[in-house]
Amino acid sequence: MQFKRSVFFLFVVVLALSVPLVGAQDAQVIKIASQSPLSGPQSVLGTSIRNAVELAIEQLSGPLTEMGYSVEFVPFDDQATPDVGVANANLLVNDAAIMAVIGHLNSGVAIPSSEVYNDNNLVMVSPANTNIAITDRGLPVVNRICGRDDTQGAAGAAFAASLEGVESVYVLHDTTAYGQGVADFFQKAAAEEGLTVLGFEGTTETANFEGVIQPILALDPDLIYFGGIYSQTGIFINQARAAGYEGLYMGPDGFDSSEFAELAGDAGVNTYYTTVAAPPTFYPAAAQFIEDYTAKFGEPPQPFAAQAYDSTGIVLAAIQSVLESGEELTREAVAAAVRATENYEGMTGTYTFDDNGDPELATYVILQVGSSDPAEWSNNAVLADFQAPSPLAAAAEATPSS
Amino acid sequence: MLDAGRSSLGSVSARSVLGWVYRFILFPIGQMLVFIVGAALVLTLLSYLLALLFPEPRPNISLMTQVNRQLPGMIVSGITIGFVYAMIALGYTLVYGVLKFINFAHSEIFMFGSVVGFEVMQRLAEGGNLPGWSPVLLVAFVVLAAMLASGLLAVLIERVAYRPLRGAPRLVPLISAIGVSFFMIDVVRAFQAITRNDFNLTYPLNNLEWIRNPVKLAIGEATVNIRPTQFIVVLGAVVTLIALNYFVNGTKLGRGIRAVSQDMATAGLMGINVNRMISLTFFVGGAFGGAAGALFGMNVGTVTPFVGFIPGIKAFTAAVLGGIGNITGALLGGLTLGLIESFLNGLLVYFPVLGQRYTDVFAFSVLILILIFRPSGLLGERVDEKV
Amino acid sequence: MAANSVRQTPWTTVRATLKRPVVAGAMLIFYIVAAVVILSSLDRGNLWFPFYSTLLFPTLILSPFFVLAAPVQGWFKGVLVVVLLFVAIPYLGMRDTSYLELVIQICIFAGLALGLNIVVGFAGLLDLGYIAFFAVGAYMWAMFTSGAPTVFNINGWLVPETAFYIFIIFGIIVAAIVGILLGLPVLRLRGDYLAIVTLGFGEMIRVIANNLDQPINFTNGSQGLFDVGRPPIPFFMRDGVLTAERMLGLSITNVEPLSQQLLFYFIAIGIVAIIIMVARRLDNSPIGRAWTAIREDEVAAIAMGVPLVRMKLMAFAMGASFAGAIGVIYGAKQTFVSPESFSLIQSISILAMVIVGGMGGIRGALLGAVIVTLLNLLVLKNLSLQINALRNVDFIVPIINFRIQNWPSQLEPAKYERLIFGLLLILMMIFRPAGLLPEPRRRMELAQKKEEEAILGEGASPAADVLNDQPTVTARPDAEQA
Amino acid sequence: MAPLLDVRNLTKKFGGLTAVSDVTIGVEPRSITAIIGPNGAGKTTLFNLLTGIYKPDTGTMVFDGHSLVGLRPDQVNAAGMSRTFQSIRLFHGMTVLENVMVGMHSRLNISLFNTLTRTAGFNRQEVHVKQKASDLLRFVGLGGKGDEVSRNLPYGDQRRIEIARALASDPKLILLDEPTAGMNPQETVEAMALFRRVRDELGVTVVLIEHDMRVVMGISEYISVLDYGQKIAEGTPAEIRSNPRVVEAYLGRRAAGTTEPDMSAEVN
């Protein structure tokens, strides 16, 4: 590197920056961040989470504005990659105005990122992370308003067992933390329900599933359960049907995107899926949300959008309670207030967090794909829905209180 | 097979026409058939042997029954994907033959072909007259469009990213190629994200009646669904491969390419326009990648900008397996790899501890073993370095 | 240029002044101080924060390279670099830990780039699966200290966290052994084949890590190893932070994580310093000469008595051991190790660092690591943040009258990492194939002449100027025969 | 006196082609031996067999009491036999001095520990290596050119570097493959003087492949003639000159009239 040139360059930069900086703002600013994949194959869901948080801040920050605070929104793209998520986390904890994070979509990203939040007492509310390790680590700042994979897998298995003519299942997963995790719970629960598990296989294939399909056809299961994300599972069922598979098809909430209908086409019709985040249409209270969201962003909300909206609402309410209590507005105070949330009335349910940050009662829904038209996705039929307590809540119930 | 037609086309007597047909059509097809049957037989025997040695009981059927049931399907899918690999591998091998470097970006040329194939079909579908096309015409049109687009792209890439580097140390163009590969992925993604707001590109095959009706074939306990798209892949591959064989071995331009790959400097001295020959090689290799992309897309239904990577690596493996630089080798390598992979998927389910998630590990192990024990590949000649 | 410099123009006077040690030194000090002051007083709430931090932080981090190239005395360079590393950056880190995080990431990648540089740059073995050794190191530490239910987690009894420093050594040894085991069968292969086989090995190790939760749970499979142990914070680190807080009048709310980050920072620069020293000693030794010989001409090298396989294995093992040590640090810093972090993309981005900086050179590899890491983690991200911030306030670009809100969200810069990355590789190969800082071995004697010329006076010969700017490495025999 | 290099019945086939066929050659210590023969006679292949780059199909090669069969090239070098190449194969990016230093590899104590800790022994060795390399460069007439990049030197100098590099491992025997190819008459004369000094001053046995009869007849003490992979004659220059088979097989193909005076020429 040539010295004279580089030093000249440096000099110019310094001079340019010595130009007076734009002054700091006077209004007190509270920022809410979101982290979700805005690029990559899962960006449809991630973008929807981002948009819902933005909408929630717009609509729900009224009380805080009245108190003289302005609430701003900072979206981050975690690219569904742990490293990027952690790097973002390290970036955003340094903005003292950021009081909470809404996210992530992927448990594999949320787990390492939440360690950083925890170090900095920054509260995180997840609308979508179902991995059990999210809350089972007992971090005080980590909360979620959705259900858990263990319950989801078991719910799927119980439902599969209840279906007529289903005696054997073949379980596939995508070898990721999410897919393999939930598929494993499904497999165990299915065996307990008396179903024959014909196989438990993982595949990283994303385009050509012929090699995966052949052994399944030979075993001829009544139902295939695929623990994975729509971008993979939608293509899979399309090819499996073409290769002659005639049994049933089921999966976890990773199926839950209108993209599934597009990718699977007619082959995807009648597919069952469990979810911890029922479609907005499922909640009567969400009608207004759907309307507002569609008006603002030009497309209907995807799954988890309503949950992201409620997560934001919980956070804003917690901040408000801190301010009202006269305490200093610190991250610790906000984190404590979020954990102390009791009976928050969101459009997707009423939320109370247990000591691990799980909702005491989470909703699980089983749906069936009704049409290959992506526009019809939110009209998928709800076959069953029930609320299950979190492990802590269940244990508390089981031990008689003295 | 592809070295069969050494002699140029002379006088057009009946006998020479017959000889031509034999040399450029019957002989190659025969060779492919012999090879496929042989490979399939070997792998079949291996499956049964493993089934006998490790009689892991299945929950509902015996392992033998499972093998009986899945074998035909495995062979069909192995051949299908094998031909795709072979077509991509040709691009690697042609370029390697001429420039002695790995065109890492070839996987993206394949991807581009599959995306162009989608675009063409989607435009036709949006025009509303897709079902009106005759199947043969439609497939030919889509494949030719993809070939043209990918071929031109390959030429462009060579012109911009490789030609200025010719003669530089070997690592330099290889790294440039890696750069091109990354660049292409994101350019296609950006384009699709802006125009369609989505980059999972699903071929509009659902409203084509003829493409949705598989041929059901009952073999013993097994029923195989052979999908029309699988026919298309195999047929398209065979037709284009024969065309390539004729082009390389039976035409003047092909001779030029062979001359350049033998010795670039001498070919230049002999009055061959080396740059034009290299562009031509890229065009032909790219066109094959594009054809493979479109056929692959039609077969699997959905493609993305990321679809090139895995088949690209596999096809490269195939090219090495067959002996890189050797055209017949690419074909055989592709078929071998396709069959091996398909059988591995079937065989690994015998072993619950391993399972299909280890398929790629085994596929790579095959590559490594072959490279260690026969570095020149199946058909490559061992070239001792001149000292 | 040379012709002009004979005449005395104001410009030449400026240049001559700039070259005076006192002036250059004063400018460097001014620059570093100014950059630190501006960076640390910038408020994240500022609308233009991403823009400023994108401009200033990279130049601050790159300043050691300017310092080393500056016409000042050796001891002064040393003092400047030490002040930068031990005062300026920690101070900045106390004000904003994200900068500390960035520097740690840069150190991690610098260590990896230096390791790969030994394999690719010194010995000329193209390794596309280098990340596997990094994974070995990371898993090494994570397996024994993770709270995940692995076979090593015996009722919650784990390897104590104080063992961290011993595990760095274990990481070195185990990664080197893995390097030798992988290298033994494949190192006889030709260049391109080696590339693809190492790529295969890299993928295989990842797949195996992803699946080694059955039948015995070693790696916790795809769930990854969470809750990985960290080295204990020594008391003096915490005390130091508190003292600094008192003395500088800062208010630090996160003493614990900050001390942790600072500890990792010092560990990281320490290990990078050791790696630099090792690499330099290797380069400047019979081993380094043998590697260069192998890279230049294998046949001649072996005929001159260089045992090819042994020397290649040594290169492989050395490169691997660096990655192993760095991996242990990475595992501890990240506290989460999963197979996803060890993809081919990572291998290639490390390769890109080596290439961008200049293959075979130690400074080059460092520079490449800084540039590529900053590009990935700071520049692109900040561009996106800036656009978003401007969107929030409905900013309109003056002159061209462009509303930032009309910028399509599909075109956020952070989404196009690969595009920029790919473009960078292509352009580098076409215009500067020897990298930004070409290998010193090949420039050593030329640089010496340049310095002599610089001492002799301002009227530098045209040759010297050419040598300053042009990579002297790549002779490109013209292939356009036709 | 036992021959330093004793090659018996050496055969190497490439596919159908027998490049070296049943060749038996003995080389006396401190001699200068030439191997001649028309192009394609198998001379370079013989060198490649001797230095372990190719493996012989049959036959024995004993060097200084040890068999060379099965040794790798670096082991052959360590055993005391070094070589140059027909087409110059220098390490072009390295300096002249470094090229020669690489040649010493098999004589050095290569220890990773010493390299990293820079023990006194290591430093002494480095000083010694540098000193010796400079000495060798001076010996071949390139003193003071050690810091130049080798590719920038003229052709004749590059040949000299190769010889210095080959001598760096203190060989007992050095194989020179067409060492004067491409040189002008003046350079050739100097090169011949150098070969003699290699033998006389360093005591290294020299075996060379050569086409230039002035060189062959001028300095070699023994000559072996190969044709189509077979040895067809051996002996002193005088014997070879008068051997009718050689004249027919080798010289006969060239214009005998022009080569005859060359063969008798004494060049010093």
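We call the chains A, B, C and D, going by the order they appear; numbering starts again at 1 in every chain.
Definition applied: contacts are C-beta pairs under 8 Å (C-beta built on N, C-alpha and C of every residue); 3 or more make two chains touch, one makes a residue touch a chain.
All figures in this text were calculated on a predicted structure; none of them were measured in a lab.
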| item | value |
| --- | --- |
| Middle chain, criterion being Cα centroid separation | C |
| Farthest chain (mean CA position) relative to chain A | D |
| Centre-of-Cα separation between chain D and chain C, whole angstrom | 46 |
| Gap in Å, rounded to a whole number, between the CA centres of chain B and chain A | 39 |
| Averaged-CA centre spacing for the pair chain D and chain A, given as whole angstrom | 73 |
| Inter-chain centre distance, chain B versus chain C - centres from mean C-alpha coordinates, in Å | 38 |
| Chain D: positions in contact with at least two other chains | 53, 85 |
| Shared-contact residues (touching 2 or more other chains) in chain B | 355, 357, 360, 387 |
| Where chain C touches two or more other chains at once, by residue number | 207, 210-211, 299 |
| Touching residues on chain C, where the partner in the complex is chain B | 120, 124, 126, 185-186, 188-193, 195-197, 199-201, 203-204, 207-208, 210-211, 214-215, 299, 348, 351-352, 355, 359, 408, 410-411, 416-419, 421-426, 428-430, 433, 474, 476-482 |
| Contact set on chain A toward chain B in their complex | 41, 44, 168, 175, 196-215, 217-220, 231, 234-235, 238-239, 242-244, 259, 262-263, 265-266, 372 |
| For the chain D and chain C complex, residues of the former touching the latter | 51, 53, 72-75, 77-78, 82-83, 85, 89-95, 98, 101-108, 110, 112, 115-116, 118, 122, 125-126, 129, 147-149, 151, 165-166, 168-169 |
| Of chain A, residues touching chain C in the complex | 1-4, 6-8, 10-11, 13-14, 16-18, 21-22, 24-25, 29, 38-39, 47, 72-75, 77, 79, 81-83, 86-88, 90-91, 93-97, 108, 111-112, 115, 119-121, 131, 133, 137, 175-177, 179-181, 202, 204, 330 |
| Contacting residues of chain C [partner chain D, same complex] | 278, 281-282, 285-287, 289-290, 292-293, 296-297, 299-308, 314, 441-442, 444-445, 473, 475 |
